[in-house]
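Both complexes shown next keep chain A, but they swap its partner, so chain B is in the first and chain C is in the second.
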Partner chain A sequence: MITSGLIQALLWGVASGCIYILLATGLNIIFGVMKLVNFAHGQLLMIGAYIAFTVTTALGLNAYLAILVAMGAVALIGVGLERFTFRKVLGTDKLNEIFVSLGLIYVFENAAALLWGNTTRQISSPLQGLQLSIGQIAISYDRLSSILIVVVILVALFLLLKKTKIGLAMRATSQKISASMLMGVNTEKVYMYTFALGAALAGAAGALYGIIFNFNPTIGALPTIKAFAIIIIGGLGSIPGAVVGGLLYGIAENTAVYFLGGVWQDAIAFALLIIVLVIRPTGIFGEKGE
Partner chain B sequence: MQKSLIVILVVVIIVVAGVAAAWQLTQVPSAEARNIKIGLVAGGQLAEGQDMDRAAKLAVKEINDAGGVYVAEWHTSVEIELVSIDTVDDSNSKSVGPVTQAVEESQVDLLIGGYTSSGTLANQKVAIDNRVPYIITGASSSLVTRRGPQANYGGLPEGSELRIDDAEGMSYMFHYCTTTADYSATVVKFFAEEMKPLLETTYGFNASRNLKLAILYRNDPFGQGVVADSKAIIDAENLPIDVVIERSYPTTATNFQTDLTAIKEADPDAVYVVDFIANTAEIIREGQADVGLNTVYIAVECCEDPAFYTLLGEYGSDQLLESKFAPYAGPPYYLESIATYVTNYQEEYNTLPGMMGADTYDAFYIAADAIERAGTLDKAAVRAAIESCALDQMLIITETGKIQFSTGTDYHEIAPVTFIEQLVWNEDVNECRSVIVYPATAEGVGTLKQASFALPTGYEPGSP
Partner chain C sequence: MKKLFSDSFSSIKRTIITFSRSQKFSFVIAAMAIAAIVPLLVNNYTVNEVLTPMLIFAIYASSWNLLASSGQGSLGHAAFLGIGGFVSALIAIKTGVPPIIGLFLGSLLSAAVGFLVGLTCVRLKAWFLAMVTFGFSVIVVTIFSELDDFTGAVLGFPTPLIVDRGLPFYYLTFAIAAVSILTMYLVMKSKIGLAFKAIHQNEFEAKMVGINTAKYRLIAFVISTFFAGLAGGLYAQSIQYIQVSVFGAEYSFLPLMMCVIGGLGTIEGPIVGSAIIVAIDSYLPRIDPFLNGLLGQDGLIPLFPAVSNVGSPLRFLGLGLFLLVIVIFAPKGLTPLMKKAYHNLRRSLKEEKN
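The block that comes next holds the complex of A and B.
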């Protein structure tokens, strides 16, 4: 029987899935173009949350405008990361790339603890306390805004990838790097833009996360695991896959909580992952060879 | 005759001088004298752990500035040296290694601290095996001192991994903290004695209607302990309370709307939230802002910390907090020692203290007192001295007005007094502050109640 509680749970699933969609999309873009798995991607979300928190508290900036600042700042961090760490190990043993990203987890967490302390924080939102109610169903304006913002960002991303030269270059590089180099694409620049873009998405996810949830330097780990689960469900390197995977993951998680209780949320969500992999090992939108 | 008297006098003087000199020689400070190493087990990543660290440093500073601790065996006073044992987030995986290092390498004389029940149950084994006195100031699970033979294993079934057969090792554990049973009793009795009658007079509910309680808790020994104890007390004392729903979530959960949605469907009069600061604040906020569950939320005492009040913001207004140390409920305070501690803490650290620090602060004085009475740093002697502690209550109110560790089935626990505070929005500080609403009085304190409990603005009770 479909109760208002179940509908509400589905709505929460979509709302929480949206933040993970952003994170997973960024991860997918980086993997799709650079074939690089960044385990420190969740820490970029955490940094994004702290940057947004800083500009809202220190400068009094609106929390939703702070998302743009967080995106820009984390994109710059992404450029630095690509230039000074991953570029050095890209193309060498995969283990090198993995260990670099694992090391970055601790660097970011400790840097954040040093800069902002270990105290749990939350970004103050101008929409705090406001709610949209339709019958028995209610959703806060913050969560509604997060869904809308994610949609806007994904549409902008789509246009960037489809309608711009850099988007074309990124798609070409993701398909065949050697061919794209032969066509005159500067792959080093493409990598830099790709990582910056992926990081910017993580920064946006972080700023939204900080408006909706409280956060501390160690929150990056769980979103990273969820983002990986989502991109595996959706298909490695597939942006539509990240969107669908994120929605499925969020809905599965919250439906499990509603019916079975919170202790089952991770089990059910990962059961979904296993089911998808068994039925379609490359993920819903994945391609062979990824 | 006169000559004889003079000779006798001289002999007496020589003998007395000789005895005095001999006695003086025995009082020369021993070359073995050294600082007392006390290890503070606290999670540096947690607000509570930072509070414990500050309180420990304050206590050590005060004790050392006052001349240190007199150790009769060494005929001198020595200072306390604080050994920081950072358990990071006090999870099982991170809480054992640092304690092992402190015991085996730093050779601490005594341990104080512990925060989460699961982390403490893990790391206390190191102290048990090495016979190191451990004054546990956190970890509300009573198993930390009841898991051994002295307390009949705390009711743990045979074969349970949590049982410890080493009675001697368990005798080194002391629990200077409220247990889940202690504060659950206060919470459910408050609901039965204060809130239920208020609902009846406000909404015209029938007296035969039980109060509807929802419990939302983290799925670990702490949360499970609270649920079990709450229900046991409700049953044992036949309280007019129905637990209409209980929902648990993994300790890694970060959002709770779906659980709160299910709770809203169960239509409770109040929600008992069992978690630490960050998650409790998140639950109370999500419940009101996202789910529209406009009820009364009650948090547990580990949330009595500045970080909780900051995170809650206006969502904390009119909500409840069970506590045993109320730095926000004054001045004036119900104990003079609290005023002194709050003042000193604020001067030193420019922030208000939390509850975890208060336990820790007292524990350092308990340790100092025990070592002085033992006259030695021999761990067995110190253990015995802690067991016979009879200090006057300090920051934590006790039922007898004394700090005493029991030797019955509530093994090595104190008898603390806990109370319920209601949070009130204070526009001057842009945060909530608290007033004590239950119980009315406490032994050794007198009047405790500062205001009457009032239902929150916009409160929606459960169905009649």
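The block that comes next holds the complex of A and C.
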């Protein structure tokens, strides 16, 4: 049945899109406030997955509580990254950010390979193996709950940005850094919190990724690229754009796999990305851009 | 366009005249003399596995450097390395032309593809450009693997050789590298290179003073991808075998590392960087057994019990940290530090004489 297969692909697309939304939102927040692009963001996702894996196996923690641990731990790593690497090159040549990201990719991937080995892992969740079937359509409870968790995280993020003082400071800094400095915003602190927030989102995405998919130290690169594709669809720096873009991308990817087979999956994603950029260099929903 | 060439021609003449009078000139001659003599003194293995790759990667890194000097940091240069390698070998095999002509046809095709990629990239900001070039390399690898019947990419095939491996191939590479790097040097010192620099520093302002930024960025792309393809053809010759792994991300990241470590935007930086990275790559694996004995699973201090071979991840971890340290603490790379050390040494020697 083509229709049921299509609906299945749609549902799966929404679920995997959710993980990429978290990643893209993190990248977007960091870019919006700091005008910085961290190409090693997918490696933070990978680290998050491993941290969640470690606390579930070593401490026997529930996989869904491990998401919180992964968020906290990756946020701390993010604080360190911002303080000791990105802050040093911020405001210099744009290429330096790419170089720093590349160094970080090497560091994270190989540190993870040393600490956890190269074998493929998966986080065992209490809902593992259970799935909801309606007719011919089947979706695992893990995927369904990951959709729910992403919605909760995004709502919390929205409240944080709109209702709290630090959220206000972040929004002010993203609009005009010099003016917010004059208004008494400690921008260095804002940068730190921003990067930690973006990293925490990557950590949560990592834990969810580890629950749904297998992972190893080198899985970080593709999610980064997909997050970029989402950002390009949704516009750099726009969070609602990332949500729409993420859903569109997840659905497009899964339907493409359904109709064309998995071999062309990544190439098609990139071809789409390049075509979009040729037609609109700032992304589909992007404003004039930076 | 005609004016552009006559302008660049006169500036090239000027560059050559000032260069031949400068102190650098004797330094370059000395370096070339060393590069010509050293292979005669070392064994065959060193020539094949260390010195020749150094020259090939010097071309490759310089081509990346030229593109970066116009502010465009490619993360997918391996696509052009691979196109150069595959096309030069395939042309020689399928049509029977001499491999040396295949080498140049491969580079020309790489430049033609570079022109098309450049067309899509000229309007993009640094991070989107990095992503598009990276994505392009993934697309190319998929196409080459899918067209396996024609390309033979997945299993690979031996490449037809221009000259024998060892000293003959070394000197051929040496000649090609010298001409290529000189060409890139002249481009970067000409008016075109000045435009690259202006675009790199501030594209908006470069536009304001009347530089056609799109045109110059495209020129950078074409020149850079031509030499990347040339390096790819030579690389396929040097390992005598070409396979789809040449498109891998690590081959895209290598020239970037070489440029950053040596010194971005300078002509000597990529050469120094490629010498350092190739030397690390060929000599450092020798301490792997020692590292395994010390830190590995059954080692003295089993720090990493999850890994059977700690050598390779430790080396790449070190390389990543090294890159970070360079970018943060010595953003101009190692060559300025080496120059400084050289001058200090000379000064102290002079003082000792007095």
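Operating definition for what follows: the second predicted complex is superposed on the first by the 271 of 290 C-alpha atoms of A that agree within 3 Å, B and C clash if a C-alpha of one lies under 4 Å from a C-alpha of the other, contacts with A are read in each partner's own complex, and residues count from 1 in each chain.
Please note the rule applied: contacts are C-beta pairs under 8 Å (C-beta built on N, C-alpha and C of every residue); 3 or more make two chains touch, one makes a residue touch a chain.
All values derive from a computational prediction rather than experimental measurement.
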Touching partner for A:62 - first (chain B), second (chain C), both, neither: neither
Touched partner set for A:232, first chain B, second chain C, both or neither: second
First, second, both or neither for A:113, with chain B first and chain C second: both
Which partner reaches more residues of chain A (counting touched residues only), chain B or chain C: C
Touched partner set for A:5, first chain B, second chain C, both or neither: first
Doubly contacted chain A residues - partners chain C and chain B: 113, 118-119, 263, 266
Touch list for chain B against partner chain A, complex: 44-47, 50, 89, 219, 247-250, 252-259, 261-262, 264-265, 277-278, 281-282, 288-292, 307, 311, 313-314
Touching residues on chain C, where the partner in the complex is chain A: 68, 71, 73, 75, 120, 123-128, 130-132, 134-136, 138-139, 142-143, 146, 200, 249, 253, 256-257, 260, 264, 304, 306-307, 310, 313-314, 316-317, 319-324, 327-328, 331
Chain A - residues contacting chain C, complex: 37, 39, 85, 88-89, 92-100, 102-107, 109-111, 113-119, 221, 225, 228, 232, 263-264, 266-267, 269-271, 273-274, 277-278, 281, 289-290
Residue ranges of chain A in contact with chain B within the complex: 3, 5, 8-9, 12-13, 16, 113, 118-120, 122, 124, 128-129, 131, 133, 138-140, 142-143, 212-214, 216-219, 222, 254, 257-258, 261-263, 265-266
